[in-house]
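Structures follow.
Next come two complexes, and both contain subunit A; in the first it sits with subunit B, in the second with subunit C.
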Partner chain A sequence: MGTFIQLIVDGLSTGSVYAALALAIVLVNQATGLINFAQGGMAVLSAYIAWALNGVGLPLIVAIVAAVAISFVLGAVIERFLVRRFERGDPDTAVVVTVGLLTLITGVCAWIWTYNNRQFPSLFPLDTVSIAGAVVSLRSLGTIVVIVVIMLVLQALFLGTKLGLALRAVAVNPASAAFSGIPVGRHLMIGWGLAASLGAVAGVLVAPQLTLTPGMMDSALVYALAAVILGGLTSPLGVVVAAWLIGVLENLAAVYVPFIGHDLKIAVPFILIFVVLIIRPQGLFGRRSVVRV
Partner chain B sequence: MSTNRRMRRAAAVVAGIGIVAVLAAGCARGGGGGDRSDDGGAAASPGIDDTSITLGITTPLSGATAGPGTCTVAGITAYFGAKNAAGGVEFGDGKTREVKIEALDDEYDPQKAKSNYDQLKSSVFAMTAGLGTPTNRAWREAATADEVPQALIMTGDPIFSSVEESPWSLGFVPIYQNEGQAFGELLASSGDEHKVAILSQNDDYGEGYVEGFKKGIEGADNIQIVKELTYESTDTSVDAQLTELAGSGADVFFDAMSITPLVISSLQKAQELGWLPSWFLPSNTSSPTAILEPGGAAAFPGVYTVAFAQSASAPTFAESEAGSTFLSDLKQYGNYPDTPAFPHCVWSYQVGATLDQVFQKMTEPTREDFMKQLRSVSGYTAPLMLDGSSVDTTQDGQPAVSTVQVQKYNGKGYAPAESWG
Partner chain C sequence: MTAPAAPATPLMQRRWVVWAVAAIVVVVLAVLPLVLPEFANQTLARVGVFAVAVLGLNVVMGYTGQVSLGQIFFVGLGAYVTAFGVNADWNIVLVFALACLIPAVAGLLVALAAARLGGLAIAMVTIALPIVGVPLAKRLSDLTGGSQGTSARFSDAPEWSGLYDDQWQLYLVILIGGITFLLTRNLVRGKYGRAFAIVKGNQAVAASMGVSPYRYKVLAFTIASLIGGVSGFLYMVVIQYTSPETLSFGHSIELLAAMVIGGAGSIVGSILGGAWYVLVPQITNIIDPNITAVLQGAILLIVLFILPGGLVSLPRLFRRRRAAAPRAGAASDAPDVPIETPRERHQS
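Up next is the complex of A and B:
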């Protein structure tokens, strides 16, 4: 029993890492209609900025807040001067641009900070508590709590605020939004800026666990994209639940399903995606898109 | 109509690429060696003339393995950079040559490694130092067929060190089996009862370590393997495996991993679970500053590794003469400003020094003579080697370095461990 609960708790903790990145992807998508493949790279860059600021003497929490702010500006600048040129064109081109951006950012991080692993200090103490026979680290608990808070804030932003509504309107139909008096360009910049800030939070949450390297988020990005598809591109709540589901099911399948084992567990999220997409093409929590003719 | 035009344009592009490829192949053939020169001596192989020699490297310079990969290029570039600055390398034929290095990124992708090799094979004299088992395997057969040296590469796969199987190849670092066996033998010789849990990478790397370990404990009835699990090198977490292994009650943990962040997180996870066995770590993931300190390894009764080279991140390294020379060469010529967190910088620096030995023995500027001399280095102590280890390329079936020392972590660096405990 102890092992079972431990595996669930570990799965939630790993899933939270995927969820953090998945939320940033949903945010960009909700605000601009794009899937940003560079999200992982941008999160790593933000984490490096926080690490560097901490290194020159700023207290960790101040360094993180500063990195979040700098990331907002960076995200907005990237949207304004790079991505905007491709937003109205072929969506495939925009995807290629974000993939290129990922390669570029990874290269820049490696050029500045090399590929040596950097130890990123954890926001939470390394102590553990015992819950129902399972050992839970405060770091994992802290990560889970932060993710839940961000999820609720985003959910509220999109569903209950004017800004959220405007962001969604701009993403769905920029021309109509412009006719309604919404400054489209500014909202696209805000969307990217917010997503970059969120990426920064994801980066500093994950970095202590994975150690900071330019490719830190590469594997997590695959899982995050899986969570986005599984949870539904339009739902912050959905992607977090999906990310946790992936983390937990992966662990349980590895230990309790003999033919899967630890070697095949990476297949679990993808089998899950196939099954869900056949039954609910919009994902677990996503809205079906309806086109009026 | 537009589809037709697009088809035609695509066909034109394909045809264009085809013509370029045929021309390139023709040029490549023109560079082949092996003929006799006018003065009766052996004609020089490609990539060498009277004043310079060019070596090729294919290794990961981006992606998950980029850390060790960039270190690999930095180490050998540092060695020959310093040599070139001091006038060049003196060859056995009486000529002094500058050593040039051309390194290409393969991203740890076998297909890219093969295409890098194809790109380099006719312009470089020999390929060397590149890191990775699947990547080096991808072009081993081609190198054999083309008679291009694949010299002193960074892989512990024994296939590269068998003259019969790989006549044009030779590995540098000890084969994984040697490391696993050394540890198994030390544990078996303790005489105490031990329960061992094993977590290994699900490929040749992990299998080699486990095979060697099992050979080392063969016949020892005091050692029992209680649980064996594997992980994929693409995994982001091994927490589930650690949870399962902690339940096995093992007092010794053999963690045959090659992925740095996963080793750190497994050290941390075991502590969280309150499981404190003695650890064994492979030589390439046992750096004191990059792995053991952040992982909090001091909490365990003993952390062991095997090594043949000094660790650049050990506290006393920079104070020694050889260590400070290495670090300044690495900074000045290897374009690597930091103290490396990976051992691969030191290893490839040693590859440079070993190649230097081989060059000094070469009396003809040919790949054939190079291979002959490559297999004749014996008892050579390369810079930064641990006492008791040396380069010996004369033993068939063994890489250039096959003697390893088991070491124990002392909270800062490593000290030799002659016995368990």
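Up next is the complex of A and C:
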């Protein structure tokens, strides 16, 4: 029983990291209609920035906050000077742009910091606490708390502030938003910036567990995409729940299903996706949309 | 869609010119392996292998508009099936058939689920194929040889031919690859090609015309996987060794980049893409191995910025410039403009 609870808490913790990345993907998709495959690469870059700032003597928490801020600017700049050109065009080309961006950013990380593993300090103490007989690390609990807080802040931002209203207006109908005097371009930049910041949070949360390498987020990106498909592109809450579900299920499967084990657990979300897609093509929480000719 | 491959000069549209060019190409392809040095033959054979892989990606992505990040998985699967069959001493024709069939079935199963979601779901699902494929190939070590990989020698030149191995292998690639290209060309120019183009252009329109987007997306994906399997067979012909590294995520991205840079939705673009896939890493490695990835990402973005149609659109670009000078504004090349796809949002 103790192992079981521990697996669930750890699953929620890794699921939370996927959730942060998945929320970033949803944010960009809602604002621009794109799937940003570079989101994982951008998160790695943010983690490296935090690592470098920490390395020159800044306290960890300050380095992380600075990295989140820098990532916001980077995201906005990428939107303005690279992605905007392809936003209203062919979506396939736009996807290839983000894939190219992924190659470029991974390459830049490898060029500056090499492919060697770097030890990233953990934001949370490495102690453990005992819950109902299970040994649970504070890091797992801390990660879960951080993501829940971010989710609540995002929810408040989108539903309770003027900025959130404008962002939603731009997402739903850019032309009408422009007619009502909302600067659409600036809000697209803000959307990308917010997504990059979210990715940065995911990066610094996952880096201590995996050690920092340029390809660190590749598999996390796959999980995040799986969460996006499962949760439905239109539902931030659904995406977070799906990410948690994936995190818990893969942890349980790794231990209780011998064939899957730790190296094949990445297949779990996709088995889940196949089952769900056959039954509910719009995702667990997504809405069915009607397309007009 | 019109074929962006054939230059639109009047001379090229005459039938006898087309046949003459085709004959010259065949003769050149028949003679080339005999006169080129071994290294050139091997490089050309590799280009052929990946040109076929890019061609498959083009069927699903260039012609049908479904982004696939998993094409390399089917190439790797085809290579593994070939290696296993050869090592089990099966008849080589049977091995080839299985190397086509098994990836096609795998592709069909993936597409049946992924094509239910519109838009970019296929991209999001297919990104998992190489990432799940690598640990799977390591795990199934009885079939795949695990991390060490597996090798199979079956493509050495037979005694009676009097050829060197590299010549024989290049002939095999030219023959099988050539047939694959011809069949695919006929497919995308015929009735299926038109259905693919409508699905790519606007799914809602396609559905209202009685062309089921779902069915044609699944079909395109299955054919792409089959062609990937052919490429995997050729991979074993030329390289004779495969390991989990063959189907890694990085290679899948490079294949996608090669397709876009060669030219999406183009037969000639597929060949250019294959050449790009093989040659450019060699060149960037010579410049500086540390910045290979940076260079490749940057080159891909630059090409997208200045040449969205890929390398194959280069001559067309020049021609349009020239044509635009005397009769300004004449839209003579209009059919070559790719179909604008309306953005599909809130697709779930």
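The rule is short, and it goes like this: the second predicted complex is superposed on the first by the 268 of 293 C-alpha atoms of A that agree within 3 Å, B and C clash if a C-alpha of one lies under 4 Å from a C-alpha of the other, contacts with A are read in each partner's own complex, and residues count from 1 in each chain.
By our rule, a residue touches a chain if its C-beta (ideal position, glycine included) is under 8 Å from a C-beta of that chain, and two chains touch if they have at least 3 such contacts.
Keep in mind that this is a model prediction, so the values were computed, not measured.
K.L.:
Could you classify subunit B and subunit C on subunit A, in the superposed arrangement, as clash or fit?
P.N.:
clash
K.L.:
Look at A:Thr128 in the shared chain and tell me whether it touches subunit B only, subunit C only, both, or neither; answer first, second, both or neither.
P.N.:
first
K.L.:
Given the touch rule stated above, what does A:Gln209 touch, subunit B (first), subunit C (second), both, or neither?
P.N.:
first
K.L.:
Check whether A:Leu101 is in contact with subunit B, with subunit C, with both or with neither, and answer first, second, both or neither.
P.N.:
Touch status of A:Leu101: second partner only.
K.L.:
For A:Leu277, select first, second, both or neither according to whether it touches subunit B, subunit C, the two together, or no partner.
P.N.:
second
K.L.:
Can you tell me whether subunit B or subunit C touches more residues on subunit A?
P.N.:
C
K.L.:
Once the structures are superposed on A, label A:Ser180 by its partner contacts, choosing first (subunit B), second (subunit C), both or neither.
P.N.:
neither
K.L.:
Please indicate which partner A:Ile35 is in contact with in the superposed arrangement: first for subunit B, second for subunit C, both, or neither.
P.N.:
The second partner, subunit C, only.
K.L.:
In the overlay, answer first, second, both or neither for which of subunit B and subunit C A:Ala110 touches.
P.N.:
It touches subunit B and subunit C both.
K.L.:
Of the two partner chains, subunit B (first) and subunit C (second), which one does A:Thr161 touch, if any: first, second, both, or neither?
P.N.:
A:Thr161 sits against neither subunit B nor subunit C.
K.L.:
With subunit B in view, single out which of the stretches 116-124, 260-268, 296-304 or 314-322 of subunit C clashes with it after superposition.
P.N.:
Of the candidate stretches of subunit C, subunit B runs into 260-268.
K.L.:
Hey, what residues of subunit A end up touching subunit B and subunit C alike?
P.N.:
106-107, 110, 218-219, 261, 263, 266
K.L.:
Along subunit C, where are the residues that touch subunit A in the complex?
P.N.:
Residue positions touching the partner: 61, 65, 67, 69, 113-114, 116-117, 119-121, 123-125, 127-128, 131-132, 135-136, 138-139, 202-205, 208, 249, 253, 256-257, 260, 264, 290-298, 300-301, 304-305, 308, 338, 340-341, 343-348.
K.L.:
For the complex, give me every residue of subunit B touching subunit A.
P.N.:
Residues in contact with subunit A: 62-64, 66-67, 69-71, 202, 229-232, 234-237, 239-241, 243-244, 247, 260-261, 264-265, 268, 272-274, 290, 293-294, 296, 336-338, 340-342.
K.L.:
Report the residues of subunit A in contact with subunit C in the complex, numbered from low to high.
P.N.:
Spelled out, the residues of subunit A in touch with subunit C are 33, 35, 37, 82, 85-86, 88-93, 95-97, 99-108, 110-111, 218-219, 221-222, 225-226, 228-229, 232-234, 261, 263-264, 266-267, 269-270, 273-274, 277-278, 281-283, 286-289, 291-293.
K.L.:
For a test of understanding, state which residues of subunit A touch subunit B in their complex under the given definition.
P.N.:
Result: residues 2-3, 6-7, 10-11, 13-14, 17, 106-107, 110, 114-117, 119, 126, 128, 135, 137, 209-211, 213-216, 218-220, 223, 250-251, 254-255, 261-263, 265-266 of subunit A touch subunit B.
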